[in-house]
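Some structures to go through are shown next.
Each of the two complexes below includes chain A, the first together with chain B, the second together with chain C.
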Partner chain A sequence: MEYFIHLIIIIGIYLILAQSFNLTLGLGLLFNLAHVSVYAVGAYVTALLATELGMGFFGCLVCSVLICGLFAIILGAISIKLKEDYFAIGTLAFSSVISALLINWKSLTHGVLGIPGIPRPEFSFLKVDFYDNINFLVLTYVLVAITFFMLYLFFNNFFARTLRAQSEFRQATKALGKNTRLTRNMSFFIASCFAGLAGSLYAYYINYIDPSSFSLTEMIFVLTVVVVGKPGSFWGCVFGTVFLVLLPEPLRFTRDVPLALEWLFGMPYPQISAIPVLGWLITPVVSFLLYASRPSVLGPMRQMLYAVILFIVVYFRREALFPVQRRV
Partner chain B sequence: MTTETILSVESLSFAVGDLQILNDVHLHVLEGETVGIIGPNGSGKTTLFNCLSGFNSPQKGSIALKGRDISPYEPHKRAIAGLGRVFQNFGIFREMTVGENIILALESRQPIRSTFFPWSKQNRKNVATAREYLKQVGLEDKFGDKAGSLSGGQMRLLEIIRTLAFGAELFLLDEPTAGVAPKLKNNVASLIVKLQELGKTVLIIEHDLNFIQKFCTRIIVLDQGRVVLDDAPEKVRESRLLQEIYFGNASE
Partner chain C sequence: MEILPQLLVNSLISGSIYALASAGLALVYGLLRVLNFAHGHFMMVGAYAFYFLAVEQAYGLPASAAFALLVIVLLAALSFKIFVEPFASLSFFLPFVTTLSLATIFESSVSIIFDVNVKSLTSGFEINSLSFAGIFITPVQIVIILSALVLLGLIAFIIHSTSLGRRIRALSQDDYAGQALGVSKKKINYLVFISGAVLAAYAGILIGYETNLQPTMGNAYTIKAFAAMILGGLGNLWGTIAGAYVLGLVENLSIGIDFWGYSLPAGYKDAFAFVMILLVLLFKPRGLFNKEAREA
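This part shows the complex of A and B:
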């Protein structure tokens, strides 16, 4: 049960992170590969303010959101100089600058040691605290609801239409009186603010953050979520998040496969593997699954699983994801 | 009624590197006029439109719209100032629906707060207005279809009516009959006539002299980036210079 609650909270945090990424990637076809780095900044801002200054929940949350919002200026500047694929490379470079800072600016970030001891939020005026995961789950989903309400508006009003239009034919969008640069920058601002919110929530939940939680692998995971859910699809992204967070979970039960087989066949596992033909077929599979259930193998297996899925889905969605920008 | 100059272009020159694409172009268009622009491929017609729209930055010259110098304006500001553009390579958004293409244009002049909430009254009104506009070009049944699924002719009609919905006063139509099936050419023509009736000013780039003769008061001939002729359609048609430009000098 405790583990189940953990999964639901993780899903909530990723819902905010992925849906905000979906705004720029899905609607604007802007490959902002620094999204997870902005999320990292949000987590670090909260972690530092909460541990060093003892700042309260709302203060940390607002600071994370606003400081991350400022990163839109950098993303906007990159997007003016670098278009399409080059923008992806530019933001990737920017994200590695942030990673390098998180690791090497030791006086501020404590480097690879990370920041431990982030206290959970407490609302003294309501006499509630969020050390209990059920309470934290409620807090998470209140924030998810607020995020989704606001993003739902941006996914369905003039802003989304302009963002989609400029992803196809920027000049024709300008010819309809749209300030495409402002629209793009606004999309970075909104997405970065919500990445900051997700980061803040993550720091509070996990209590301890270090640079390894915000690696490129994490970016690939968020990218996979949005691509699996169909870029630009609001509810598709929700499906993608839930599906991909839960997908590797069955891997955890692989060590129980022999037990399941014993129950199924009604005989001990060595006897099953000795059955001619059938046993010979089962044994290598079970051995592999047992091997895969080791913690040191499980992590890399998950990463490979996501990479393979991303590869397959990108292949099928390649035309929608990488259209040629039309020009006069 | 006095007719005012809506567009005046003075000594416009545009070069890319050593290549002089537009050379000292002068152009004056009166409000409500329909002017044709012809010239061989590569003579700089589209480039002239791009300079007007602000997609190309000319090295020399000035552009005034309704007496206001728009040279320093960014493309979207020029559009808001009244400039409408229909692109040679189709400016519709194929991934969006036909209806959304029109709604997008309607929203450009509406205050942000009136369309911020998807369920707002203005949004519902825009849907109805968009249907009205589509009805004018016989595309009302296509409201929810992807614009990319339309035929070439339907795309042109959609783009022209979208520019009208946007509220343009000066229309720059770049080869509006290219890629249009013969059957729909008449629809495009009657839509242009409708623009005239609404008092709009139209500049049309077109290869088919017979097609533009029907509604143009004047025809401008561009050759190698220069305006070589600016006269009534019949005069241009009979001109020897035109023959020379298109078919080479016979006496050479």
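This part shows the complex of A and C:
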């Protein structure tokens, strides 16, 4: 049960992160590879303020959101002239600068050791603390609801239409009198603010952060979520998050497969594998699963699973995924 | 400034590695307009294939090199067939996303097969540095510099004075016109993609001798190769190679020289490549060596 609650909280955090990425990638076709780095900045701001200065929940949250917004403005200023491939490389470089700073600025971020001991939030005026995971779950989903309400508005108003239009034909949008530059930067700003919110929640929930939690692997996960849920689709992204967070979970139970088989067949495992045909079919599968359940294999296996899913989805939807034709 | 000659030699060494690593990327981009994110991972896979035969199985150098070459040629052909070709003509995003997933697949398979710990190709024997007039250099580093010169010279010869090179140049300038004149785009694409991967793998093996191997090294070298390419202008082969040497120079000077009694910690060496990408994109988005204007 405890584990189930953990999964639901993680889903909540990723919902915020993925939906905000969906705003820039799905609507604006802005391939912002620095999204997870901004999320990392949000997590680090909260972690540092909470451990070093002992700031409260709302203070940390607001600071994380605003500082991430500031990073979005810097990113927007750097990348405003860039299109497509240049833009992807520019944001990739920006995210690499941030991860290099997280690793090397030891006096501030403690380098690869990370920041341990982030206290969970407490609301003294309500006499509530969030050390209990159920309470934290409620807090997370209140924030998810607020985020989704605001993002839903952003996905369905003039702003989204302008963003879509500029991704399709920048000059024509400009000719209609829309400020494409402002729209682009606003989409960064909004997405990064929500990424900061997700980072702040993550730091509070996990209590310990280090640079390895915010690597490119994480970016690929978020990208997979948005691509699986169809870029630009609000509820598709929700489906993608839930599906992909839960997908590798059965991998954790692979070491119990022989036990399950013994229970199913009512005989010890060596006897099962000796059954003609059926046993020969089962044995290689089971030994592969046992191999995959080793901790040193499980992590890369999970990465590979996401990469393969990303590829398969892109392969089968390659005509429709980022169409050149009009969609607005 | 007695350290300056040593720094210059060091930057020549890292510049040579970056040049070997980024030449293939620039050729592929020039031909297909595809940013191959898995390029650095071909270095990693090639180096690990070499490591597998040379250290774990203790075969000789020629056998290991042949094996690594075979593995890379097969993998590159297969990757091109599956991960690049179906998407190259559709949208810029698609090949970038698929090569990102290819890169992750490479990285995680190597971490599963060989473990995530650092491996070294030179664990069996000791390398003595030679010293010339106060400059220390190992035989491996001499090989790196010389082979970069030889291989880049070979590329220059092929591109500029053979019929194959003429066909490659024709397709990178205008692929419709080239195809209309009877140049097989498919063959040239495979050839360029595979030879780029082989060059990268060769650079990866040299890195294995020079420092060490790790499954995560792919990303770092991909981004370095992107940096060299941005410096030289996307798709401009000679600009990219010049950019690689500039990158090596800036990286080594940035951490080696005292700025008024304060010097940067060595950990920031890598960050310099990324800061340079950002600066070039900000002030000279066409690259340092590109004259023609970009459209739109």
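Please note the rule applied: the second predicted complex is superposed on the first by the 315 of 328 C-alpha atoms of A that agree within 3 Å, B and C clash if a C-alpha of one lies under 4 Å from a C-alpha of the other, contacts with A are read in each partner's own complex, and residues count from 1 in each chain.
Rule of thumb we're sticking to: a residue touches a chain if its C-beta (ideal position, glycine included) is under 8 Å from a C-beta of that chain, and two chains touch if they have at least 3 such contacts.
This one's a predicted model, so the numbers in the text were calculated from it and none came from an experiment.
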item: Partner chain(s) touched by A:Tyr306 [first = chain B, second = chain C, both, neither]; value: second
item: In the superposition, chain B vs chain C on chain A residues touched; value: C
item: Which of chain B and chain C A:Phe94 touches, first, second, both or neither; value: second
item: Touching partner for A:Ile5 - first (chain B), second (chain C), both, neither; value: neither
item: Which superposed partner A:Glu168 touches (first chain B, second chain C, both, neither); value: first
item: Contacts on chain A seen with chain B and repeated with chain C across the two complexes; value: 171, 323
item: Touch list for chain A against partner chain C, complex; value: 29, 31, 78-79, 81-86, 88-90, 92-94, 96-97, 100-101, 103-104, 171, 216-217, 220, 223, 227, 296-297, 299-301, 303-304, 306-308, 310-311, 314-315, 318-319, 321-324
item: In the complex with chain B, residue positions of chain A that touch it; value: 152-153, 156-158, 161-162, 164-165, 167-169, 171-180, 320, 323, 326, 328
item: Residues of chain C touching chain A in the complex; value: 33, 35, 83, 86-87, 90-94, 96-98, 100-102, 104-105, 107-109, 111-112, 115-116, 219, 223, 226-227, 230, 234, 265, 267-268, 270-271, 274-275, 277-278, 281-282, 285, 296
item: Touching residues (chain side chain B, partner chain A) in the complex; value: 46, 49-50, 53-55, 74-76, 79-80, 83-85, 87-96, 100, 103-105, 107-110, 112, 115-118, 123, 162, 166
